[in-house]
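Have a look at these structures, which come just after this line.
Note that subunit A is present in both complexes that follow, paired respectively with subunit B and with subunit C.
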Partner chain A sequence: MIESETTVGADLKITCSKDELVQGLSVVGRALSTRTAIQILSGILLEASGGQVRLAATDMELSVRAVVAAQVEGEGSVVLPGRTLVDIARLLPAAEVTLEHRAAESVVHISSGSASYTLQTFNAEDFPRLPDFAESETFSVARGPLLETITRVARAASRDEARPVLTGVLVQFAGDKLVMAATDSYRLAVKETALGGAAPDLEAIVPSRALQELARIAGDVDEIAVGVQENQVLFAVGDVWLTTRRIDGQFPNYRQLLPESFEHELMVPRAELLDVVRRAHVMIQRATPLQLRFADGEVTVVARTHDVGESRESMPVPFTGEPLEIGFNAEFLRDGLESVDGDDVKFKLISSLRPAVLEGEDDFTYLVMPIRLPG
Partner chain B sequence: MAVPGIVAHLDLDAFYAAVEELENPELRTQPLVVGGDPRGRGVVATANYVARRFGIHSAMSCAEALRRCPQAVFVRPRHALYREYSRNVWETVRGIVPTLEQTGADEGYLDVGEVAGDFLAARVIAEAVQTAVRAGTSLTCSLGVAPCKVVAKVASDARKPAGLVVVPPGREALFLAPLAVRRLPGVGPKAEQRLHAGGVETIGALAALGDDELKRVLPGSVGAMLRDRARGIDPRGLDLEVERISISVENTFERDISDRERLHDELRGMAEEVAAALQRRGQVARTVTTKLRYADLSIRSRSTSLESGIDEAATIGDLGCRLLDRGLRDRPGALRLVGVGVSGLADFRQLALDTS
Partner chain C sequence: MRLIVARCEVVYSGRVSAVLPEAVRLLILKSDGSVLVHDDAGGFKPLNWMTAPTFVADEGDKLVVTKPKTEDQLEIRLIEVLSDVEHDMGESAALQKDGVERDLQEALAATPEALGEPLTLVKREWATEIGPVDLMCKDAGGEWVAVEVKRIGTIEAVEQLTRYLAFIREDPAKTGCRGILVAERLKPQAVALAESRGMRAVAVELAVLRGEREPDLTLFAA
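Entry: the complex of A and B
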């Protein structure tokens, strides 16, 4: 377990592998604040002791910590401007790098081969205290199911900060089941995944961005440790820690949003439809809708953008009954088709103004709201 | 296409240079050239009237301009800024003459016949346009009022800056006659050369050409068209935009306001009007713009675009207020006017789930 206490006042001095340092910095660099209003949040904390240097960065919503093996000649901690440090480390000429903090001058000397840098430091005491696993209720989850659930659900979350709760993913651990749901109110993605082992019951709204970062850094481990606190969720991927704020508020009752019955349920070859949608998407500018015209035995996908042109492509589908014309945001439809698993997708429709649902072979549901077409 | 009986051509005076002068009043008394690099191959986009006294004019190379006036101030064009001013000018003009064809950022034709019964009334309207543009934007413009486009255009250029020339029906040919042929819209350098070679120097001389002579000097349909124009005959109507591309509401205050809450209230009220207009038309908008005018009359606007269209007053109001705050953060100050508008209009609407 990593200590998050810092020893203030001592002078840090370490020597470590350049590649390992770069790798560690790149991982924690993802959590650097891009807004520079609070200077310390643009910094990376380095803490050296016991043969390793621990790196940390946070933007107060998300934090990432990593550990790099090092020869520690002086124990201590220091905060350095993050972007600059990452850029410097990547370009260092030698296989080894030495960092030496001179607290009295508020600088760190970095040397590697023929290159040397002197970097101004931030005050390590100002660095926020980060959540600790030692203070959390923890359990382990198999990496595969967790990541798969994230990658198929998280992109349906909203990017609009006006409704914070929709920028999050509802994460539910219940028995041996993991459920995630996300909606930006134009689409809704829900996935249930068997964990193959029981986890404690938990429900949290976790920022979609944090989960997507987790998916990015979760390399080749079998299990990911999950820690839960009142306001935070923690993930440990080996010795990389990611913590994220929980979003307050009430997640929409998504079950209520899913229609109970449909007029049409068609099995459509997924890859083929996805290709048709991708080809049509080229013709879409701004939020021009993709028009799907269902008629006996076929669907015609039309994309028409004023001042650009038009595309049109038909494919056979087992549709019967009154023709149905429905408009969709091309990206939303494409996302849905990409997220569904299996060779065939079940396309469920009610009418041109009611939600459509895509389902695959496993327990995944993607609802997409149509675009009302003129006339 | 509408064929008005009374048309005005409006031309902003030295537009880019005038905007630069407004943004930096010290430039007003100096020869000012907006254009490319005088040490490079740039050309003059606009010169202010001080610079014009040195013989500097549009399309001249900046190097030549520098030779003619070594003390001239050269600035690079700031098109985003000019667009803001231009948008404001045309909004102001539309308040008086709603039907118009904008042919450029700084010029356009106005269907004055729609709001004025005769040429006397048309003169009053044209003066009102000049006054409103000056009051609303601190820019001056010149207008020509005539029974057709070509005469109106020549007339707007006849008494710049801040000129107004009215050519009543029946006087078109007389008005044009003494002017050099090059002044007639449609006569380019080539046609001018041919006309000069044929002994035609003035628009009047072109108008007087017989059919055979015309065929010899300027063969083809272009010749007939130009002679018609020289006679003050121009059948072109106003090319009107069929679709409205934006909806906006703005309000000038009696006293400048700096109280943020008041400004937000004003803006939300205007958002209601904008939303109502959208809903009446069954449209949604993807871009919201907030306009701020400061006490010194300078204008700033901020826009934001959304992934899907909206037509709700609350959303437009929220976004508008956020843009206002952003604008005031970038440049604090009391405001004389705020406005909110929407663009990127579409007839289709992304339906949403009820996630409240």
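Entry: the complex of A and C
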């Protein structure tokens, strides 16, 4: 586990593998703040001691820490401009790189082969103290089920920061089951996943962005350690730590949103329908709805944008009864079809103004509200 | 307003020197004294202009526009006048924007229940000594509710509503007055601050309030 104390004042000097440094910087660089108002948050903290350099970055919502093996000639810590450091490291010409902090001049000298850089530093004392999980209890979760659940659910979370709870994913560990749910009020994705082993019961609303970053950095480890504190959640992927704040608030009672009965339940070839929707999506602009016209034995997908044009494509589906015309946000429908698992998708419909449900072959449910069609 | 379409050359002298070579241009001489030189491309911005007050000397084959107390001068040499007309534009009428706070306030006054609870409007522009409250309403239980309407709900709007509430609650009959911040777009920080102070923050759409558009279908009231 990584220590989170910062040793300030000494002059750091390390030599390490360029590739390992680039890998470490690329991982922690995901947490760099894009807001320039607080300069220190655009920096990466480097702490050298005990044969390693520890890297950290945070935007105050998310923090990522990583460890790189290094020959440490001088212990200490320093904060360097993150983006510049990542760009420099990627382009260095030799296999090894040396970083030497000259505290008196407030610079770090970077050298690798024929290249050398002198980079102004930020004050390490200004770097925020990151959550310390060294004493916290963690439990391990198999990487595959955790990431699969994130990938299929997190995209349904809202991007509207005015409603913070909806920007998060409800994460519930219950016995040997993991449940995740996300909704932006227009759609809902819920997945139950068997973990293959018991985990402590807990529930937290975790920012969707943090989970998606976890999916990106998770690499090829077998297990991911999870720790939960009052305000923070930790995910440890080997020597990489990702911590994120928990979102306060009441997550919508998603179970009561799921309709109990439907007028139509159709098994539709998933890939074929997804291709039709993707082709139609090209013609959708300015949030115009995608129209699905269900009639005996077929569905016709129509995309029409004023001043742009129209597309129309039909495919056979086992629909019977009164024709049904329903509009959807094309992106939301595509996301649902991409998230469902299996060759066929069960398309469950009630009416043109009631939610539709997509289900696959496992415990995943995608609920999507229609859009009113004009006229 | 005088509109001249002419083949002309324009020489500006003053802080810098600039010449617009001979070409057909539209010259606008407004009655307020401002002078604008346009061509038929380059967007809405004039090629050259002088803001009021100005003095325009019409010397027949040239217009000399000067700005008092400065060295700025626009000399417009008229080579061929294609059109020269003058219009009396009458009284100036200000630009009327739709979708401003007043429009939202009017629409909400007509449909206060759009704020998500059964409210009855008591008065628009409820006067207080620190400024008018946009809407004063009463809820189903007869309690007062002060509604501040903004196009964009910011922290400053929450602070403004906080000041109104503090003032209103000094009245023993209105000590339980609640506050609602309503806007077309709410800043997350404003929502957090409003909720921490026991106020509601509600996002609305003017087109929906006016009945011009049906609200989006949602799984739940967000």
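In this text, the second predicted complex is superposed on the first by the 374 of 375 C-alpha atoms of A that agree within 3 Å, B and C clash if a C-alpha of one lies under 4 Å from a C-alpha of the other, contacts with A are read in each partner's own complex, and residues count from 1 in each chain.
Keep this in mind: contacts are C-beta pairs under 8 Å (C-beta built on N, C-alpha and C of every residue); 3 or more make two chains touch, one makes a residue touch a chain.
Owing to the predicted nature of the structure, the values given are computational and were not obtained by experimental measurement.
Enquirer: Answer with clash or fit: subunit B and subunit C placed together on subunit A by superposition.
Expert: clash
Enquirer: Which partner chains sit in contact with A:Leu373 here, subunit B, subunit C, both or neither? Use first/second/both/neither.
Expert: Once the two structures are laid over each other on A, A:Leu373 reaches subunit B alone.
Enquirer: Is A:Ala31 in contact with subunit B, with subunit C, with both, or with neither (first, second, both, neither)?
Expert: neither
Enquirer: Check whether A:Pro252 is in contact with subunit B, with subunit C, with both or with neither, and answer first, second, both or neither.
Expert: After superposition on chain A, A:Pro252 lies in contact with both partners, subunit B and subunit C.
Enquirer: First (subunit B), second (subunit C), both or neither: which does A:Glu161 touch?
Expert: Touch partner of A:Glu161: subunit C, not subunit B.
Enquirer: Have a look at where A:Pro289 lands relative to subunit B and subunit C in the superposition and call it first, second, both or neither.
Expert: So A:Pro289 only meets subunit B here.
Enquirer: A:Leu353 in the overlay: touching subunit B, subunit C, both, or neither? Say first, second, both or neither.
Expert: A:Leu353 sits against subunit B and subunit C alike.
Enquirer: More residues of subunit A are touched by which partner: subunit B or subunit C?
Expert: B
Enquirer: Output check: A:Ser185 vs subunit B and subunit C. Expected answer is one of first, second, both, neither. What do you get?
Expert: Once the two structures are laid over each other on A, A:Ser185 reaches both partners.
Enquirer: Would you indicate which of the stretches 41-49, 203-211 or 293-301 belonging to subunit B has clashing C-alpha atoms with subunit C?
Expert: 41-49
Enquirer: Using the superposition described at the top, list the residues of subunit A that contact subunit B and also contact subunit C.
Expert: 162-163, 166, 183, 185-186, 188, 252, 257, 353, 355, 367, 369-372
Enquirer: Help me check something: in the complex, which residues belonging to subunit A touch subunit C?
Expert: On the subunit A side, the touching residues are 161-164, 166, 183, 185-188, 252, 257, 353, 355, 367, 369-372.
Enquirer: Quick check on the complex: what are the subunit C residues that touch subunit A?
Expert: Those in contact with subunit A are residues 185-188, 191-192, 201, 203, 214, 216-220, 222.
Enquirer: Taking the complex as given, what residues does subunit A use to touch subunit B?
Expert: 162-163, 166, 183, 185-186, 188, 252, 257, 286-289, 327, 329, 353, 355, 367, 369-374
Enquirer: Flag every residue of subunit B that touches subunit A in the complex, lowest number first.
Expert: 282, 286, 307-309, 318, 344, 346-356
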